[in-house]
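In what comes next, subunit A is part of two complexes: it sits with subunit B in the first one and with subunit C in the second one.
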Partner chain A sequence: MSGPAEHDPHALTPEAFRAEVHSFEFWFGAVQGYLADRAYGHRVDAKDAAPEGADRDRLVTALCNYCVGETAALEGAGGLIEVAPNRPTKIFLSTQAVDEGRHLEVLIHRLRELGVEDPEAEIARRANPSLLAFKRRLLELVKGGDWNAALFAQNVILEAMEFAVFHQHAAEADPITREVLEGIIKDERRHIGFGENELGRRIKADPGIRGHLALVRRELDALVLETFEEALASLGAPASAREDLGRSYRQTVERLGFA
Partner chain B sequence: MTDFLKGYDIQYWLESAPQGYLMETEYGHGEKEREPELVLEDPTLREQAIRTTVQLVVGERCALAASSGLINAAPDEASKRFLATQTLDEARHVEVFTHRLYDLGVKKSELESVISQFANPHLVHFAEALLEKVDQKDFIAGVVGQNVILEGMAFNVFEMMHAGNKEANPKFGHTLAGTIADERRHVGFGENRIGGLIREHPERKGDIEKLQREMSYHMLATFGDSFRNGPSPEQVGQIMREHGQEPQASEQEWQGVKLGQANPEELEAVLSDTILKEFKIRLERIGIEYQTPTAP
Partner chain C sequence: MSHEPEVPRKRYELEDTGFDEVPRKYRKYYRRWGGESDELAGNEVLCPVCKVVVRSNREVREGDRIYCMACMTRLRVVRVDGRLEGHVEY
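Coming up: the complex of A and B.
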């Protein structure tokens, strides 16, 4: 294995980053570090202490919406492979596609563990309209073949949104849901690192790209914030939690240099 | 359908591939395994190895583009997840075979020109025809082209190459063994998933059979060209003697033929027989009647 299990892509120069972290070999080493002893995203012997009653129902709603987000990410990553400008980038995106597929799988598995017999039907019933609108727009950008805009929407906006939500949820989730979310967050870090590095390099070569991405962000931010609003309202979260989540998302995007 | 797809989920894939037969490998082979000196030193054998590997890279690039494009065309999320694993498998194959080209002395700056120089035109035509179906989001045609025709036919070639290399070139043999294990999963998915879809959409049978007739022509033509361009056992023996090595008749057999002693025509004949026999069985399983390949 050539890829270290714990590795911060942000610390690499663009050249070193591309040479090292785009490969299957790196992905292979990275995921072995945190998936080796897991089945469907959590330890096999982990004791389930899932919430009951209304809290369980809220958790099911949240997980159903995470499945919508992960399906968008899976289809987005699959489509981006065609748009990607070079082979190493295509290979990285293939690792991202399988990561997104895994996230969808572990979330559906968690829904089944919570007693949901037909996750597909439940996801369709509970899907958040703003998140569905975000998914449609993301896939339009991917289909349009605009690499900068599509990668920004997928690996910066969508991943930052998921990162913020999962991070907040994991802090107060039951142990199994927390393990599942923490595994997903580790993958998201790799995806965000790739988007930041790839777009950062392109902006350096052509600063005009920044203005184009600002327009994409303005359009998608509205959908992201509506998604947070709808998701947290359905979970019965207080207004302060919505503000925290919005702030966390904005900080993540701005930390990546896309203010 | 759900139960059959359970055997193709990502958890299964993680346990069988990255945590199974790919453990302790680096770019598909053992960390210390190297290409044989003779292959690196002799220009004829080296060019033959490069030519063969280029066809693998071209085929795998096509498979990567097709499987990623099919994620969005898949009618259900379990198939999307399987195709995500297949996408990563194909990307790994592109990576390991590209790495072999570097091991054979191809410079990174020359990679694309070497691939253009040696890529078989029939294989390029096949890739164009398949990717056209994928662009149209035609899931049935895309999976038949990719998982049944491309991978189903290449499967036998990989097996034959593996039998011929596992002793003579363990590094390449090891790389092929991992690829074969992946392909077996892809072909299984194609047969199982498409069989059900053809039963649901009998109106597609006619155009899928036409697709099979045209696409399998290009695959067979690619294999035929590969054998005609390869050195005979006598030429290999001569090269070995020139390098001070005494040729030893290999006893490695595949489908009853001694691979180290058969001439290219014999190899092509046994491969064609095997491919067509197994290909017909696969087509029967998905409810498609085999059509004799014709030039499109």
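Coming up: the complex of A and C.
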């Protein structure tokens, strides 16, 4: 027999399900599963086999740009707490802000492990101008209190592309970078799902929102797509990987009703 | 008008497969997807949002509603080209 004693998630009402997965308690139980035995995102005893020469340089550039994306997401998620329309979404965003802060910290730590003495300076030097432009615009949307547009830019455009790129990169990365990226991917599942579902519900209630979000998409998604396609190309990913990136992102926006 | 009696659903005993992205009490209801060659059992549906396999302790059928806790998505089970798929329901 299935029942509450078995904690069958499929027996929950939609309201009870949302309350459960948006809670800090759920987040805590989730991250304990894959972070409890880690330090800075990887197993303490994991052997480093970092690339050298030009490959190392390309990895540093990719990680620096991931740091730009994660900083945008950290500042965005933090700012959105004030804008969020209700208490459960504010609580969820507080867990997302913690996740984004962790991502930034483990990526900077990885840069140091790769021999980068001043990660902040290196990030400033290697940051892709398109990604910086995206970050500026995202934070303008957050400051303007435009919940729908800011959430779309951050949790759909940025997070969906990061999710796809980190997947592709992790498959080819050295063992420690792979562990760091895999931990981030596990967090990103919650962020992309939250964004898509929250916006999906709002569009269902008011289809007129879609027109406004289409303008945001037209302005911003090329900036992020260009950055991450470049990152994958520089890491030597095959053309099929770059096509996968575009396809994964398109599937998300198509589900939300954008052709 | 006659109705065919519904065939009872097959039951499944779920075991923890090492999926570690949800709190322990929910882990057996999910597993990692092994890619295109991964054949899903009668109690499993792939989440289209985050590509995790969602599992039930009974056979899933068209019209069922199930949840992916890894990405917080509600799914409706639909039949497409003879195969059961999870479609997002906002």
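Here is the rule we go by: the second predicted complex is superposed on the first by the 218 of 259 C-alpha atoms of A that agree within 3 Å, B and C clash if a C-alpha of one lies under 4 Å from a C-alpha of the other, contacts with A are read in each partner's own complex, and residues count from 1 in each chain.
The criterion applied here is as follows: contacts are C-beta pairs under 8 Å (C-beta built on N, C-alpha and C of every residue); 3 or more make two chains touch, one makes a residue touch a chain.
As the structure is a computational prediction, the values presented were derived from the model and not from experiment.
By the document's definition of touching, of the two partners only subunit C reaches A:186; subunit B does not. Within the superposed three-chain model, A:78 lies in touch with subunit B and out of touch with subunit C [touch as defined at top]. Contact with subunit C, but none with subunit B, is seen for A:251 once the two complexes are overlaid on the shared chain.
In the overlay built on the shared chain, the residue A:196 is in contact with subunit C alone; subunit B does not reach it.
Once the two complexes are laid over each other on the shared chain, residue contacts for A:204 go to subunit C alone; subunit B is not touched. When the two structures are aligned on the shared chain, A:33 is found in touch with subunit C, with no touch to subunit B.
Overlap of the subunit B and subunit C interfaces on subunit A: residues 2, 32. Considering their complex, residues 9-11, 13-14, 18-19, 22, 26-27, 61, 64-65, 68-72, 76-77, 80-81, 83-85, 87-88, 90-92, 94-95, 98 of subunit B touch subunit A. On the side of subunit C, the complex with subunit A involves touching residues 20-27, 29, 48-50, 52, 56-58, 65-74, 88, 90.
Of all the residues in subunit A, the ones that touch subunit C in their complex are 2, 6-10, 12, 14, 17-18, 20-22, 26, 29-30, 32-34, 186, 189-190, 192-194, 196-197, 200-201, 203-204, 251-252, 255. Interface residues of subunit A, counted against subunit B in their complex, comprise 1-2, 23-25, 27-28, 31-32, 35-36, 39-40, 71, 74-75, 77-79, 81-82, 87, 90-91, 93-95, 97-98, 100-102, 104-105, 108-109, 120, 139.
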